[in-house]
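Take a look at the structures below.
Below are two complexes that have chain A in common, paired first with chain B and then with chain C.
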Partner chain A sequence: MGYVVRRVLTGLGTMAFVLVFNFFLFRLLPGDPISLYTRGRNMDREQLRELRRELNRPVGEQFLGYLANPFSSGVDSTQFSRPVWDVIGDYVWPTLVLLVTATALSAIIGIAIGIKGGWRRGSTFDRTSTGVTLTLYAMPEFWLGMVLLILFSTGVGVFPGVFPSGGTLTPGIEPWSVEGVLDQAWHLTLPALTLTLAYLAEYALVMRSSLLDEVRQDYLVTARAKGLMDKLVRRRHAVPNALLPTITLVFLNIGFVVSGAITVETVFSWPGLGLLSYQAIRGPDIPLLQAIFLLFSLAVVVANIVADVAVAALDPRVRT
Partner chain B sequence: MSVDQERDAPVLSARQVTRARRRASAGRSWRAFRSQRTGLAGLAVLGVFVLLAVFAPLLFSPDELKVTEALGGVLDPPSARFPLGTDESGRSVLALVVWGTRVSLVVGVAATVISMVIGTLVGIASGHFGGMAGGALERLTDWFLVIPFLPLAIALATVLGSSLLNVIVVIGVTSWPGTARLVRAQTLSVEARPYLERARVLGGGHWHQMTRHVLPNVMPLVLANTTLTVAIAILSETTLSFLGLGDPFRVSWGSMLDNAFASGAISSGAWWYLLPPGLCVVAIVLAFTLVGRALENVLDPRARER
Partner chain C sequence: MPRPALSAAAAVVLLALLPLGTGGSATGAEDERTTFTVGMSQDVDSLNPFTGIVSSAYEMYQLNYDTLTDYGQADFAAEPSLAESWEVSDDGLTWTYTIRSGVLWSDGEPLTARDVAYTFNRVMKGKYEQTNFGSYVGQIASVEATDDQTVVMRVKAPSPTMLHLFVYILPEHIWRDIDAKDVTDFTNEPGPDGIVGSGPFVVKEHKKGQFIRLERNENYWGEKPAIQNLVFRIFTNEDSLAQALRRGEIDFADDLGSNVFESLEGAEGVTQFPATYSGFDEIAFNVGAALDDGTPIGDGHPALKDQRVRVAISHAIDTEALVERVLGGHGTPGTSVIPPLYQDLHYDPGASAYAFDPAEAARLLDEAGYTEGPDGIRTMPAGGEDAGRKLSFRLLGRASSQTSQQSVQFVAGWLEDIGIEVKPKIVSEDALTEIIGEGTFDMFEWGWVVEPDPDYQLSTFTCANRSYKDGGSVFANLSDSFFCDEEYDALYAQQKEQIDPAERAGTVKEMQRILYEQAPYVVTFYYDNLEAYRSDRFTGFTPQPEPDGSLLFQYGTHSYRSIRPVTAEDRADGKEGTKAADDDATSSGLLTTAAVVGGGLLAGGLVLVALRRRRPEHDVE
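Up next is the complex of A and B:
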């Protein structure tokens, strides 16, 4: 119990650091913040005065206001002219759908590959899969996405251009009809495939190496000596023990997953937080960037706490 | 007899002895490295890219990168004149890819140097000094380890503005925590050994202990880690440039992909513009990864069984 409490407290400490860091990082911007915040936007004099009054308050006072409620930014998004958290709310769902699909698929496929390779180390399958996963690991996700797009959406040579090039839904189709759901799945295929391929490498590599750690343990010799079939030794004894580091990886990887989403959503015009980040960078829309940075960082901190608690629940050895 | 032999042997200073021993150990490591085929292949690929980067001006004149002096058509497919076709302003894609090698290598290596220096300093200091100072550094490492890399890099790049130096700094200061953690763990294990206690008892100061005893023992690990960090730094540069946060006046593989994406190379099926920069990134990152893994096998006996 002490372990969980300690980890949660550490996580809360990290959260406090993220909040403070987020506030001051964007205050380092050179130049007049007013012109930066209002670039390319029509504002009347009254609004400008309001904004200047907000930004001219003493930094300490602004900081306290921010700490009281970090999610009510004093300044609106400069591109959307709406409160940043309202804008973000519109973009959360597509990202969640995409990331959950890709994470689930990549974890399942990656773990299966890792088990098969690690159990027969040095076999043809092991060497091929290690080579393929290392290559996938070396690929920029967005480039993989662009290559898939040009092959299966534009169509080059023998490759058919059957998939849509972007978006979540063909215009004119009712989203929640049978046809609409199928159409959305059709739109999800290529971006989800891209992210699945990009993420599965790490799961496969970690699963393989943690299985290799287990293979030499004494309890497997015992299991074999009892006369268990090789398949059962693997499924009942080795894999459950080796699975733990990989399961925590699902949560620890959120930061990595989020980074993939930013570029891949851009390539596929998938209207989620990744595409929103890209638009915020290109603006640049500073208030929006700041809010997105805070959201992503907090998501990762929470995921880390979840990972710690999950390990404590699954593995009695760490509960000290 | 034995006394005579000793007299005949050249007198070696302590430094020469150390140097000879280091040379012998480096030779041993190199022989162990040479036995790993994938590591050697990676090294060969890296050699090719380094040569391309160094001799880029001899292969293609810098004028070929100027939009105003472009000779080809818009997104022309590969031809005898342009082996890899042309980009959206009529420049040779081959020339762009060869010149792009420079930015990727420079950013990858320079950012890694920054990251290694910060990571090693923080790691050794937090492992060496116990108590408040060490604990504070450890906390700091953990905090930066948690903050997701790309959002942080984007925030920093926006704050600093886009130039080659800033890209290097951004990647360098965002990628050190992993190294720091690794170095800290190794430092703690070195600090527990008796020869460090001897150094302490003989009156060696903190600086002496850290630079003369801890650092040489941590270096091999840092070296293997360096190679892997370069791979990540090159990928990061590609991603940042793709997002438009790179140096707008320099051609890099990431900025080529950004231009290809923005100019509609996908919908016009211009695979010759898309494939070369991406394949180069894959090749160079894979090469660094393979070399790094081979180095790990040589320097860390525990990894050899993997």
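Up next is the complex of A and C:
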């Protein structure tokens, strides 16, 4: 358990750094946030002065306020005129749903492809699947998303345009009725498919190569010599050992998919954090941007810790 | 064991999805006749009219609430809304509005003059309330409801804006519970009965980042709209928005980029509508940056303080080429700062316009003493303070706008042709605002959208609206050229008190003439608002102004009240595409079948895999 404690402590250290860095990063940005906030508003100079006084507090004082409540240090989102945390709360769920679905699907399908290909290296399946997944991997996500949108939403030639072009719900349908849930799943299909295809290759390739490493190990020869069926050798002995790098990858990716979803969410007008950060940058909405940056960084750090701990739990060798 | 379970689960999920292919499109088709869906690229920032600032939010306010008077659909002339008539005293200081009788709020409560007086008094007295509406009430001394049907307003000085008070009348019985402190955080999100208002529609649902759904207000005092449901869907990607229009998910798209707009050419059932619009782009000059008290600031090039240089540059900019090559032809070459869309107010220089003529530009510069040096770049005239300094200007463009960057490139090329060096730089709008405020620029490219009332636009050229100093720092104000002219300021003050529209228009035109002559701006073009809609489904749009202004996002809710579904009769008339609708029906049937078959195969395959995997496990155990 010493290992786990060490990992968690390192992770906390990273978080502390992120917290401090994030605070100063956004104070280095040029521009007057107050003139952004008040653009198009009729405010007299007295009111502007009051707002500026709020922002011109000593940095030390601001920093303490930020530490006490890093996600909304007293300043509202300039776009939504609401506390930053409330705004993020509205947008976090669609991202989580998309993220979990896409990660689960791409990991399951990717691992399956990797196992099949790695076990029969050089087979037609192996060659085809490696080619296809690498091609998908090379495609920019937004482009892939756009292609899927045109093929399966608009519909071209033989391709059926059955999926909606964006959003999570058809207006007017009660979201938690049976129809509403199905409607939401229907809306989820294309964005989830895009992310799944985009992330598939990584899992397939990592799984394939780590399985290839295991195939050459002596214990598999022993297993076969005992007369075990090929399938059992694969399932009981080779795969569990080969899975470890992929598991690490799954967790690491969770951290990155949050931010990687930005382009896909933009293509499909999926109202998640990716979209929100895009809007925050367009503003720019500095308080919101700062909170989103912090959230994304923390997601990566936490995912890292979880990955390390999970691998340690599964594989005693790394605990030392 | 866990793996087969997972595959089975995946199969179940897929199977569960299947009915949607059929269910989704079937329900969609039934509702389509009465639901009008608009695609837009900007979410509503707040439904509280005291908080929101983006144009999509204002569209919701005017659909949900009424104002006293409206800007007319045909020509922006004032017309009755909640106030059915009005009177002004001879001295122009007392305005009496007669409120319609029998008007009900959407929750059934009566709307009276007291609600009107309540709203205006709230705006006049509330600091926060003034941030959005203060500019409309600054001249008002008092507002009083003398009975249920009469509102009397007293003004400090005669004012031409009393028939254009864009203050949304709010129900007192709802808003009196939201005090001055609560109002800043009040989101005004719709409850089960929607947002209580008196406008033609009621906001029923707001799914943030996704859509806003409105229903027809059955208590509306005017003629009820033909459309029962009105949905605004938010797209963050213009290409997706165009796809949704092709697909028929939305019926209207507004403010499209010219590439996307062109891509809709020939799309079945879609009509493209390049509407003339009230926005313009300009090349602005730093005509001598100074604070509002006259203290010089910044480091603008001295040559640009010379009106003759600015006029020469005006001759060197080919506005027609900009319209063709930057806007793809969707616009009009620019002249004065009030667009021709407002035909009563627009100043047309006619024969005295600065025609594109590089030779004339060069001649004017030579004449003024800015002769070319040995390297072909002109210098400041001999004998002056900066004699020999090169005419080398910084020209700033905006990173967020393709149009801006292209304009900058063209202008830089043209100026080089007449011996002026240009250093283009692209910056964010945020950074540009700051640079402008401090006066550390020579030229920049930006634009304005002009309201039907010219006051605000004209105020951006007054001496008082130059940058100001507060606590040691310099802050930007409305002026971005630092233009300051006594005669202009006097005319500005004069038009503020001219009630007679024709008289005021005269003053406003004279102000534009001064601006055109002094040339703090070269107005490059008035761009079109590129709109497209499903003409196979809806008809009856009314442009503001006639004949080719915007169809939606107008001043007022004119089009929303006149749009109606296309009927069999319209089709018999032959104009609107009947074919498209029929095609849609057959193809969606085919598509559904294809989806069901495809999905079924997929799910079947997964189940098979799951079953096949389970077998060996039994064998061993």
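One rule holds for everything that comes next: the second predicted complex is superposed on the first by the 302 of 320 C-alpha atoms of A that agree within 3 Å, B and C clash if a C-alpha of one lies under 4 Å from a C-alpha of the other, contacts with A are read in each partner's own complex, and residues count from 1 in each chain.
We take it that a residue touches a chain if its C-beta (ideal position, glycine included) is under 8 Å from a C-beta of that chain, and two chains touch if they have at least 3 such contacts.
Source: prediction; values computed, not measured.
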Clash or fit: what happens to chain B and chain C when chain A is overlaid? clash
Give one of first, second, both or neither to describe whether A:191 is in contact with chain B, with chain C, with both, or with none. neither
Would you sort A:179 into first (chain B), second (chain C), both or neither based on which partner it touches? second
Touch check for A:269: first (chain B), second (chain C), both, or neither? second
Touching A:114, do we find chain B (first), chain C (second), both, or neither? neither
Have a look at where A:47 lands relative to chain B and chain C in the superposition and call it first, second, both or neither. second
Just chain B (first), just chain C (second), both, or neither: which does A:80 touch? second
Looking at the overlay, what does A:287 touch: chain B (first), chain C (second), both, or neither? neither
Given the touch rule stated above, what does A:150 touch, chain B (first), chain C (second), both, or neither? both
Of the stretches 23-31, 257-265, 275-283 or 293-301, which one of chain B hits chain C? 257-265
Chain A residues where the chain B and chain C footprints coincide 30, 146, 149-150, 153-155, 165, 266-267, 278, 282, 284
Which bits of chain C are touching chain A when the two form their complex? 6, 10, 13, 16-17, 19-21, 23-25, 28, 31, 35, 37, 43, 45-46, 51-53, 127, 130-135, 184-185, 187, 205, 207-211, 213, 229, 231, 233-237, 239-240, 243-244, 246-247, 249, 400, 428, 430-431, 433-434, 437, 468, 470-471, 475-476, 587, 590-592, 594-595, 598, 616, 620
Using the touch definition up top, name the residues of chain A that touch chain C in the complex. 30-32, 35-36, 38-43, 45, 47-49, 52, 79-82, 90-91, 94, 105, 108, 146, 149-150, 153-155, 160-162, 164-172, 179, 182-183, 185-186, 189, 229, 231-232, 265-269, 271, 275-276, 278-279, 282, 284
Inside the complex, what are the residues of chain A that reach chain B? 10, 13-14, 17-18, 21, 25-26, 28-30, 134-135, 137-140, 142-144, 146-147, 149-150, 153-156, 165, 209, 212, 254-256, 258-259, 262-263, 266-267, 277-278, 281-282, 284, 286, 289-290, 292-293, 296-297, 300-301, 304
List the residues on chain B that touch chain A in their complex, please. 139, 142-143, 146-152, 154-156, 158-159, 161, 231, 235, 238-239, 242-245, 254, 257, 260-261, 265-269, 271, 274-275, 277-278, 281-282, 285-286, 289-290, 305-306
